[in-house]
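So that you can tell them apart, the chains are marked A, B, C and D in the order they are listed, and the count of residues begins at 1 in each.
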Amino acid sequence: MSLSLEVILQLAILLPLVSTFVIVATGKSPNLRESVTITTCVLLIFLVVNLYQGLSAGKSISVFWWELLPGLTISFDIEPLGMLFALIASFLWLVTTCYAIGYMRSHQEKNQTRFYVCFAVAIGAVMGLAFSANLFTLFIFYEVLTLSTYPLVTHAGTEKAKKGGRTYLGILLTTSIVFFLLAIVSTWFVAGTLDFKIGGIFADDVDKVIAGTLLALFIFGIGKAAIMPFHRWLPAAMVAPTPVSSLLHAVAVVKAGVFTVLKVCVFIFGLDLLAVLPTTQFLLYLAGASVLLASLIAMRQDNLKARLAYSTVSQLGYVTIGALLATSSGVIGSSMHIAMHAFGKITLFFCAGAILVTLHKSKISDMRGIGRQMPLTMIAFFIASLSIIGVPPTGGTWSKWYLMMGTIETEQFVLMVILMLSSLLNIAYLLPIPFHAFFPNLISFKTSNTSLDTTEISENKASSFDIKEAPLPSLIAIVVTTLGCLTLFIYPQPLFELASAVLTGRE
Amino acid sequence: MLMDLFNHWVVITLMMSGLYIVIAHGNLIKKIVGLSVFQTSVFIFYISMAKVDGGTAPILADDIVQYSNPLPHVLILTAIVVGIATTALGLSLVVRIKEAYGSIEEESIQQQDNQQQDNNAHAKRKQEEEA
Amino acid sequence: MIDIILLTLLVVVAIAIIRMKDLFAVVMLLGIYGLLSASFFVAMDAVDVAFTEAAVGAGISTLLMLVVIAMTGRKEKTNRHKPLPALCIVLITGGLLIYGTFDMPHFGAADAPIHQHVAPRYINDSMAEVGVPNIVTSVLASYRAFDTFGEVVVIFTAGIGVLTLLSVARRKEDAEKISSINDSMHEQHLVIRIVAKMLIPFIFLFALYVQFHGDFGPGGGFQAGVIFAAAIILYAMLFGLNTARKVINQTFIQLIAAVGVLLYGSVGIVSLMNDGNFFNYNVLASDPIAGQHLGILLIEWGVGCTVASVMMIIFFSFAGRLELHQHNERVKNQESS
Amino acid sequence: MIAHLPILQVIIPLMAAPICLMLKRAQLVWLFSLIASGLAFAISILLLQQVMTSGVISYELGGWQAPWGIEYRIDKLNAFLLLIVSGISTVVLFAAQTSIEKEIPKNKHVYFYILYLLSLTGMLGIVATGDAFNVFVFLEISSLSAYALIAMGKNRQALWASYQYLIMGTIGATFILIGIGLIYQMTGTLNMYDLSQRLPEVAQTRTVFAAFAFVIVGVCLKLAMFPLHLWLPNAYAYAPSIVTAFFAATATKVAVYLLIRFTFSVFGLSFSFTTVPLQTLFMALGLIGIFAASTSAIYQRNVKHLFAYSSIAQIGYMIVGFSLSTVTGLTATLLHLFNHALMKGAIFLALAAVIYRVGNIELNNLRGLGRQMPLTMAAIVIGGLSLIGVPLTVGFVSKWYLLMALIEQGWWPVAVLILLGSMLAVVYVWRIVEAAYFKAPLDNSSPVKEAPMSFLIPIWTLIIANIYFGIDTRLSVQVAEAAAQSLFGVSL
């Protein structure tokens, strides 16, 4: 490869954006349009892998684009955490695109060109976000991501979709502009720079109260991390088509949020400062509460996607906790959890979408016995659930392990208990779904209206002789991500290396 | 001392009666009359500050030593012209308003506008419901 | 003493204006207000201003308002909709101004700052620098020529504004019908018509006198323009708009209005060409004083042209509208009867 | 000729106006006024360059020395403003011919261009002059032409709006006249620079205080600052669309300029902000203005009304920056002057295009336009994003500076309020986005075509400027900062 790594870095950001023009141009012929998308995905993965190799070889890759105001630049720099995020996002984009092709076609959605365009813009924004060298660049791509995903959320164009879109945009923009931007400006004012630096950018003698306030502003401002009072947008955004929910709300958007939280904790504040700030403790408990409460709410949801959404809110809390613990195992755990949860949750969403497309069911209570019709899907669902819960043989085990280690190291026993409790709750709200799918005749929890249940079950039985899986592209996608969950258990080495290099900078 | 400022105070009273007419009266012509009174009174204010005791009109002549200040006169000449320009434009607006609304009373015009707005809103809502 | 009396009268008139409901009376009172303030200006040694105020405040604006009232009706509706807030605003504003007066230089004091700074040069040196006895004219036309240019542009703007608002494109047969009715009406005033016919040339002559005499006494382009326009307006009122329109082509007056502004401006441009600053008349002729005289003469012409033609434009627009209005009323009455 | 640039800046559009009256044919007149405005723009660029390199330019009209004659005094501040006004005017004028075709009767087109040029002249004159009374004269030129232009609107409400504006505007101008009279009485001079030298001696008098109050109230009436804004929404909403685009982008800017000029240069910083409690008052009014106007904007059905209220809110931001009386605060205000001109110019031009095609500008008329007029609606969306202050648009740059200025002074709560205020902008901008992109067109509406090129070119020129100056901030920030510093007497 003759291209320099700097060029590749820029290409990785620009390629998805450039591809939008081609997608628009080929919008008339769906086949051509989708092959353009797929080609872009493959190319992007190729570019990112190249970058990864460069990083592994110990090269420093940074690009400077533009100085907006004196000292305030748009520039990019590759470090392990960003690399990790970019790898996951680019890989899952390919998978999701495959899935989306199957889903969108069989669902006969309108405005598909707009869909793919926004998709590409979003992934470009994620690349920019992952590689940004300072908070300002990150903020720009953060906002681009918000705006480019809005049309995806409201894709259906119905009144409900619009309402969901309003909540989505309202919360994300409000938090990012009112808190995040304020925090950025203040950081700029206090520290004089916004560059990400290991160990933070604040002077040693910085006023603890101000820094603490800033931390709180950051945590609340990064609405995409969905910490509890500002989590409403996530369930609201579930009105989107499933591929959108899966990519954006298992990978791109929410992970951009926690990624930003990690970045801010590690590279703006630095772990040393973080550990002594007065608000850290408070925010930790807030994140803990978010984890627990979201799990509890998830249990009460009957809509599958809503349940998954609340589960995501809860899992995001894990990452935030890991970041705020301010120890190396916490950070490693968080970084790995970004990846593990991404694979697990995207699989779950894929399955939910598959059920919706083939059986037109979105309520959990309607899903009894569907294991016979969609065995592959439901097995995948089961494995992914295990990963979310954090049980071997799935990747989720590792990240939860490190997170637990973090809580023990810092003697945050309350948090440890919370994490464990939440895992139990995970079991309670996730596992029954595949369980009932395969064994519909076991006694249900709702004994009062058994009669109703039985009739439903018999209906299900009547129609459940044929195996009726999702469209092929979607099915491939499900299989791939499920295998990902398993592989990450057996072979977490690259991830682990990247995650543990976060604090030292280079591998 | 008070007598020396007395002139100013009377002029201020004049200005304020003009301003009062503009604000308090609803008749459009009366408002313009008010503006005229207001502006003319400001002219009086300018001209009275130009006066010098024992001075004469600022036209040079051999046997005069004390002249009143010519500068405010110049300014007010300009301002008078500006005033008539505004009045003329204002009056032509009044004529057009009378033709369009059939009235030159502020209240009635406002009422008609509000009514029209309500009607529009009503029609819109109907349209929306149908759609 | 005379100023106190005049001021008192002004106050009385102002109160009467507030209280009157009959717009016709209000307009007449406004005319009186203009005249009284003109008299006050004379008492304050501001003869030029008095001249202008009498022509404008008492003359033109009263005339315009009367034309408008003829169209809109002369009754003001009784209710005053917000007397209390208005009173508050007025009291606060007035209070502030009165508060401001306490540190003001006293009325007529010769040691006030305005008599010490800037103005003395006009009084002492203008004869040598500009060479015109009327200091007001030299300040107006030379020291602050640009303000006066602005003033001409304001008048021009008003003319164009009134044209956009009131000009009517009417059909020919309508116009003839209207004019035939009007002509019959005007025939009643035979005596006045003959007297006016004799008077009008003298008014023109007077306008020319004021135009050129501005250097030495009160007067100048603006006053002359108004007087000139007044003569035409008088003619139009007595002989009917249509006759007047035949004498004075409407496009032609618009052209003159534009030419006036251009004439004024080109004096500045010519001084630019001669390496002087804009409106530096010194460079217009070999001798600075001669240059000043030439410059002032030309710009006063510019002012006169624009003012006279804009006044006519305004009057014709209003009166034309009035005619149309009356015609429409009559048609309506005929239909209803 | 270079030495005469300051006067040519004003004289060219001024002299062009009467010439237009002689040209008669509307198309010719349009071309001619476009050239005149373009020349003014070119001159303003030259002037700005000259001022940035060699400092203040003083031009004595009539060759008379400064306090006796009228002086044109171009410093960084007014050179910047001249650039904004003449630039926007040229771009907007480009679209005028097509736009007025449907909104103004044929026989009045020539008058329209004349009044437009006169209005431009008035604004340029206000900005360029260094003489307090000359300000009044040119203020009246711009106002009178504005009244007439607004009254040209299609509906009868335009007449009523214009009349109300006339009354308010004349009261404002007369207040300024009173204020100028009072300071003249105390100092004996009308020249702004001379005034700034002579005012400190008499600064403690009650007369100067009253003068200050009158000038400020008068200017704020013109500025449509919060409690004095009542004339603005109707005037903007019912005026012909081109006029709205022109005024929204320039007229209030000129008034803000006057406010800055009088408080900082004429009365002086120490008087304006120490003797008089201007800071608290203005900050409070600015904030209330932001919230009250943005909230009203949310409830408007007419899109022109909506953005008119948004303009009042944006003025609030400028006022807040101004009220801080720091270099950064003033820089923020000046930047926002420039940036807001770009956004509002673009948005109102795009609305003009919508009116040209659809004929109406209620929110419902926008339904489905995202597909039918994609380029125009995209422009409105980008302009709206800029209003919100999304990064990489100009709106972000000015918001950034405003926040910096507030934090610098420790006004944290105000910073939060400012940001909350921009959330209200999200709401009203999003109502438009939803209508345009996510609602099906009404059944009885006929499909429309994309706007013609004569609209798209100026609209997108402004939109690209919106993005360009959001990314390359060197020019705008450098000039705004230099202007602010020079007002504070900080040497560079």
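Descriptive notes on the structure:
Just so we're on the same page, a contact is a pair of C-beta atoms (placed from the backbone, for glycine too) under 8 Å apart; a residue touches a chain by one contact, two chains touch by 3 or more.
A quick note: this is a predicted structure, and the numbers were derived from the prediction, not measured.
Among the chains, the centre nearest to the mean of all shown protein C-alpha atoms is found for D. A straight line joining the Cα centres of subunit A and subunit C is 75 Å long. The distance from the centre of subunit B to the centre of subunit C, with each centre set as the mean of the Cα atoms, comes to 15 Å. Centre-to-centre spacing of subunit C and subunit D amounts to 31 Å, using the average Cα coordinate of each chain.
Measuring from the averaged C-alpha position of subunit A to that of subunit B gives a distance of 66 Å. Touching two or more other chains at once are residues 97, 101-102, 104-105, 112, 114-115, 118-119, 122, 144, 147, 150-151, 154, 157-158, 161, 165 of subunit C.
Among all residues of subunit B, those that touch two or more other chains are 15, 19, 49, 71-72, 75, 78, 82, 85-86, 89, 93-94, 96. Those residues of subunit D in touch with two or more other chains are numbered 133, 137, 140, 144, 147-148, 151, 178, 184-185, 190.
Taken pairwise by the contact criterion, the protein chains fit none of the simple patterns, being neither a path, a ring, a star nor fully connected.
By the definition of touch given earlier, these chain pairs are in contact: A-D, B-C, B-D, C-D. Interface residues of subunit B, counted against subunit D in their complex, comprise 15, 19, 22, 28, 31, 35, 38-39, 42, 45-46, 49, 71-72, 75, 78-79, 82, 85-86, 89-90, 93-94, 96-97, 100-101, 109, 113, 120-121, 124, 127-128, 130-131. Of all the residues in subunit D, the ones that touch subunit B in their complex are 133, 136-137, 140, 144, 147-148, 151, 156-157, 159-160, 162-163, 166-167, 170-171, 174, 177-178, 181, 184-185, 190, 301, 362, 364, 440, 442-444. For subunit D in complex with subunit A, the residues that touch the partner chain are 385, 388-392, 397, 399-400, 403-404, 407-408, 415-416, 419-420, 422-423, 426-427, 430, 434, 437-438, 471-473, 477.
The touching residues of subunit B, when paired with subunit C in their complex, are 1, 4-21, 23-27, 29-30, 32-33, 36-37, 40, 43-44, 47-61, 66-78, 80-89, 91-96, 98-99, 104-107.
Put simply, subunit D touches subunit C in their complex at residues 1, 4, 7, 11, 14-15, 17-19, 21-22, 59-64, 67-70, 107-108, 111-112, 114-115, 118, 121, 125, 131, 133-134, 137-138, 140-141, 144-145, 147-148, 151-152, 178, 182, 184-190, 198, 202, 205-211, 213-214.
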